[in-house]
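A, B and C are the chain letters, set down in written order, and residue numbers restart from 1 in every chain.
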Amino acid sequence: MTVDLRPLAPEVVVAAAALLALLADVFTRTSRARAVWWLVALVALGWAAGAVWTAGEGAFGVLYARDGLANALQLVGLAVAAGGMLLARDYLARVGLDRGEYYALVLLSTVGAMLMVASQDLLFLFVALETLSVPLYVLAGFARDSHRSQEASLKYFLLGSFASALLLYGVALVYGATGSTGLARLAGAEGSFPLLVGLGLVVVGLGFKAAVVPFHAWAPDVYEGAPVPAVAFMSVLAKVGAVGALVRLLPLTLPHLLPAWQPLLAALSAATMVVGNLAALRQTNLKRMLAYSSVSHAGYLLVGVAAGNGTGVWSAVYYLAAYAAMNLGAFGVLTFLERAGVEADEVEDLRGLADRSPALAAAFAVFMASLTGLPPTAGFVGKFYLFMAALQGGLLWLAVVGVITSVVSVAYYLRAAYAAYLGPGRAGVRLHPGPWAGVGLGVSAAATLLFGVLPGPLTTWAQRVAALLR
Amino acid sequence: MTVPASAYLLLSAALFTLGTVGVLVRRTALILFMSIELMLNAVNLAFVTLSRVHANLDGQLAVFFVLVVAAVEVVVGLSILVHIFRSRDTVDVDEVDLLRG
Amino acid sequence: MDARAVPWIVALPLAGAVANGLWGGRLGRRGVSLVACLAVLAAFLVSAGAARDLAAAGPSPQVVRLFDWVAVGEFRASAALQWDPLSALLALVVTGVGFLIHVYSVGYMADDPDYSRYFTYLNLFVASMLVLVLGANLLVLFVGWELVGLCSYLLIGFWFERPAAAAAGRKAFVVNRLGDAAFVLGILSVWALLGTLEFREIWRLLGDGGGALRGHPGLVAASLLLFAGATGKSAQLPLYVWLPDAMEGPTPVSALIHAATMVTAGVFLVGRLWPLFEAAGPVLGAVVAPVGAATALFAATVAVTQYDLKRVLAYSTISQLGYMFLALGVGGGGAAFFHLTTHAFFKALLFLAAGSVMHALHGQIDLRHLGGLRRYMPLTFLGFVVGALSLAGIPPLSGFWSKEEILHAARAHAVGVWAVALVTSFVTAYYATRAAVLAFFGEAHQPAHAHDPPPAMAWPMAGLVVLSAVGGFVGAGWAAAPLHALLQPVFGEHGKAAAGSGEVVLAVSVAVAGVLAGWWAHRGRREPDLGPVGRVLAAGWGVEALYDRALVRPAKAFSRLLAERVDAGGIDRTASALAEAVVRAASAVRTWQTGNVRQYAAGVLAGAVVLFAYWVLR
């Protein structure tokens, strides 16, 4: 028996780059040499993206599907990884954390997300999920000497493992009900009680990764404690993986059980939008505020999953791409700032940013406007699609909740954007140059605006995913 | 004497519940962590039993993956714990609450 | 110049905003003012050119598609601009009045340290407003709608170091968000119902009274939601509370945004979706007209008791916007837009005159401390009197013509509404006279160095004096009513038939009676004691107090229940009740986040158990 490994080429390239980065780190001493390896890793990401772009569609056994959904979300994941590496470089060098394993961890985690969105088997999904998560636990604690970073790491790790165990028990139940962990067998399965409970537990595990209420409590603490470039990266990548897997599992595999899971997903989505946005309102710490914002965005993404129709599926993909651009950017702005030797992470720290760097402040305003869903940005178009999908799926009330919570969210996003335009700057806050992060931010801001003003190409591209819906 | 599969599944569920309760009530990070390991092994038991019930090898295969993942978690988890213990002199998770609100 | 030039109307002010935003520091004050004013002037000239050809091109709207914007299945919305009579009229008003106010601002803001920031916002506002009026579908209109709101908050809070300005900006923000939420839901329901958001498609589907969809409950719901959005932006009952506070912004901003243009966006929205509102059955007559009439009368009576000149004008604006909605409600779309146009002239003029007073007297605007200004500031005096008499509806000034037409339309359709409109007309004439008397007549309270403003401010005022005086002729019957010829395809025949001479005499006598009553009651700057009635009026009929009792306090009690332990300090009392309830709920949510890992794990498990229970109980 021969197995065609070519569909796996992108993952192999990224994994190899990760191992290479780890190995190289042992033998490099100078920062110049590290920079070379860093560039090599970036090139590998580009190469992998090229491989995904040209991969076409095909399957690798029964475990893995290289289809439209996998291709689309893998590209988003690779873009997130590249963004994460660009944002991290200047920051890590500045705070003395410039170690090669950071990039190795980023790359490994990316491999996990890539496998997650492509996996056609629940067990494989579990392994991919762990490949995504374990590097993130370490990244959260990457500032090893910071108590906050340590705490973030511990919390993320304990809760993450706990959620993984729940997910795994769910997989066992599904296996018990259908005799297989493969999605192929699940596709026609009857909605028996053990199957539904098993699915519920899988949803819990994936919901945890995406920071869906009530499985979200880790997110604010971890995002506050972890180093800011790591947060930028993990907040997006984990969502790409988890939402991708949810889309594959529910609307694509189990459309016949829609009446069973739709109310549940809709309820989770509504709760997530409401709690995330409410909690963000009172935050004075920008990282925490953005963490709750990231919780609320999990809710918006779930609107697409809950809608369960083709529009919902591709809108979720669209929104993931938009979210990647705007959220990487929003956290990315923070990598430039420093207050008395620590991260400047308070809303107040942004004061006077417009005077010091108009471009940075403008980019930040664009990201905030997009996160809140103001036109003409990617966030607006994405939310519009998602709410349309909810209407088409007969979930009028969910669209209403979505609209009202986005309206509430303007309050905290614009407060942050306002702060950047109000002088004078807070004492002790310094702005550091960051050429690479600047490139990352520039691309993010451009994408946020471009996807909002000219969403056509990205929409067409995302809509291909809907073809998978049976 | 043959023990019915349901008994194994019940045992698995009981172990899983024990593990879950352990996570919720124990305060030492290490024991909390062991409780999670217990949960994973409860799942392993279920997989092996179900594998026999369905008379296919998928479940047994699953156990290998789970074992490997558990080992990975141990490696990462213990290093995080050790690090925290060194700098704070405590592994009581209730004392690790700088981040909140 | 044909419709292909239309994108330039938006692009020019936008370019001005970008230029001033990026290089404002390097351009210097003269450069900034030149860029800002010329950008708007150029946009006006392009609009005028395109409007001239509109008559030749016929009444059907011309759509300029820029690019495809969003697409969902069958549904497509493109970034497209529409050039038709309604958008042409609004574009002319926005750029025309906008240009004058830009020039005025050059003088008014001359000493402000944030000169280029101010003009960046102002140009951005004009561009956004043009997106709003030129958009060819509801989505593009919504883009403009949000952007003008943003500019409005930025400009209300322009002097953010003043706490009152910051609070006013916040209040405007909260109230407008309520309206905007309704608006978004309205857009979604229009789409759900008709499957399109293009205005031309909506008109085609709902032409001739809506056909099969006439009175469809979904249509009624959609029109109510859209109207709710309009009441937020156009400061109607019950969402008017933000506009009086918005006067904290610079006075030219009040003139442009909070009198002449942005606040009329709600009126424009209803006019734009006219076939939808007509097809929605009773909504126009049963909701729009009463809300408009009630707001018109209510705000006019409150204006009688205000001492802050700008607040008088703000309540007057609310009242006149109510007049426009009233006109729409009784089917007088043409009359409403005629009044929108004349109101833009005379209300801008009144604000600019008030701005000149402030400019001369270092910010003094309290009517009790003004007086006798006519001797020192003759031009300002002339401007204010022309504006006030036009507002009062004295012929032949512009306000007379449009108001007359509204009264006529109301008379023909709803006598009750007509009666309210007549009473309002009397009160309007009264408070307009009162303000003029208190500020400009009697003994001077002010240092004699008060003087008319510099030319940059004087010329725009002079221009508006002329427009306020003769601007009404564009809709006057004997002048062949070019405005109505323009709007006729939009609103059909309504409001075109000439009023009988008896009606005109009645309307004019009411207005004159109001002026005389105001003159007599306040002669020699006297302030008659209106007793308890006056106190009620001065308190805005107790509406804010009612809000406090009916909404703020229950919300507080509720939120106390929700978050007993949370510190109440620092919450802005003026923020709306709803905002506070939301904030309290937010605090409650925060207390869940204890930082304890085991509790988080319990949360995860509880979630799983709920899922479990759902499957069992299902």
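What we mean here is this: a contact is a pair of C-beta atoms (placed from the backbone, for glycine too) under 8 Å apart; a residue touches a chain by one contact, two chains touch by 3 or more.
All values derive from a computational prediction rather than experimental measurement.
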item	value
Distance-maximising chain from chain B - centres being C-alpha averages	C
Result of counting contacting C-beta pairs for A-C and B-C, higher pair	A-C
Approximate Å spacing (C-alpha centroids) for the pair chain A, chain B	26
Distance from chain C to chain B - Cα centre to Cα centre, in angstrom	63
Computed distance of Cα centres, chain C from chain A, in Å	41
Residue numbers of chain A (touch at least two other chains)	154-155, 158, 162, 166, 220-221, 283
Chain C residues counted as touching two or more neighbouring chains	590, 593, 595, 597, 601, 605
Interface hub residues of chain B, defined as touching at least two other chains	23, 32, 93, 96-101
Residues of chain A touching chain C in the complex	154-155, 158-159, 162-163, 166, 193, 196-197, 200-201, 203-204, 207-208, 213-215, 217-218, 220-221, 260, 263-264, 275, 278-283, 311, 358, 374-376, 381, 384-385, 387-389, 391-392, 396, 399-400, 403-404, 407-408, 410-411, 414, 422, 453-456, 459
Chain C residues touching chain A - in the complex, by the definition given at the top	22, 67-73, 75, 79, 139, 142-143, 146-147, 150, 160, 173-174, 177, 180-181, 184-185, 188, 191-192, 579, 582-583, 585-587, 589-590, 592-593, 595, 597, 599-601, 603-608, 610-612, 614-615, 618
Chain B residues within the chain C interface of the complex	20, 23-25, 27, 32, 93-94, 96-101
Complex contacts: residues of chain C adjacent to chain B	590, 593-598, 601-602, 605
Contact set on chain B toward chain A in their complex	9, 12, 16, 19, 23, 29, 32-33, 36, 39-40, 42-43, 46-47, 50, 53-54, 56, 58-59, 61-62, 65-66, 69, 72-73, 76-77, 80-81, 83-84, 87-88, 93, 96-101
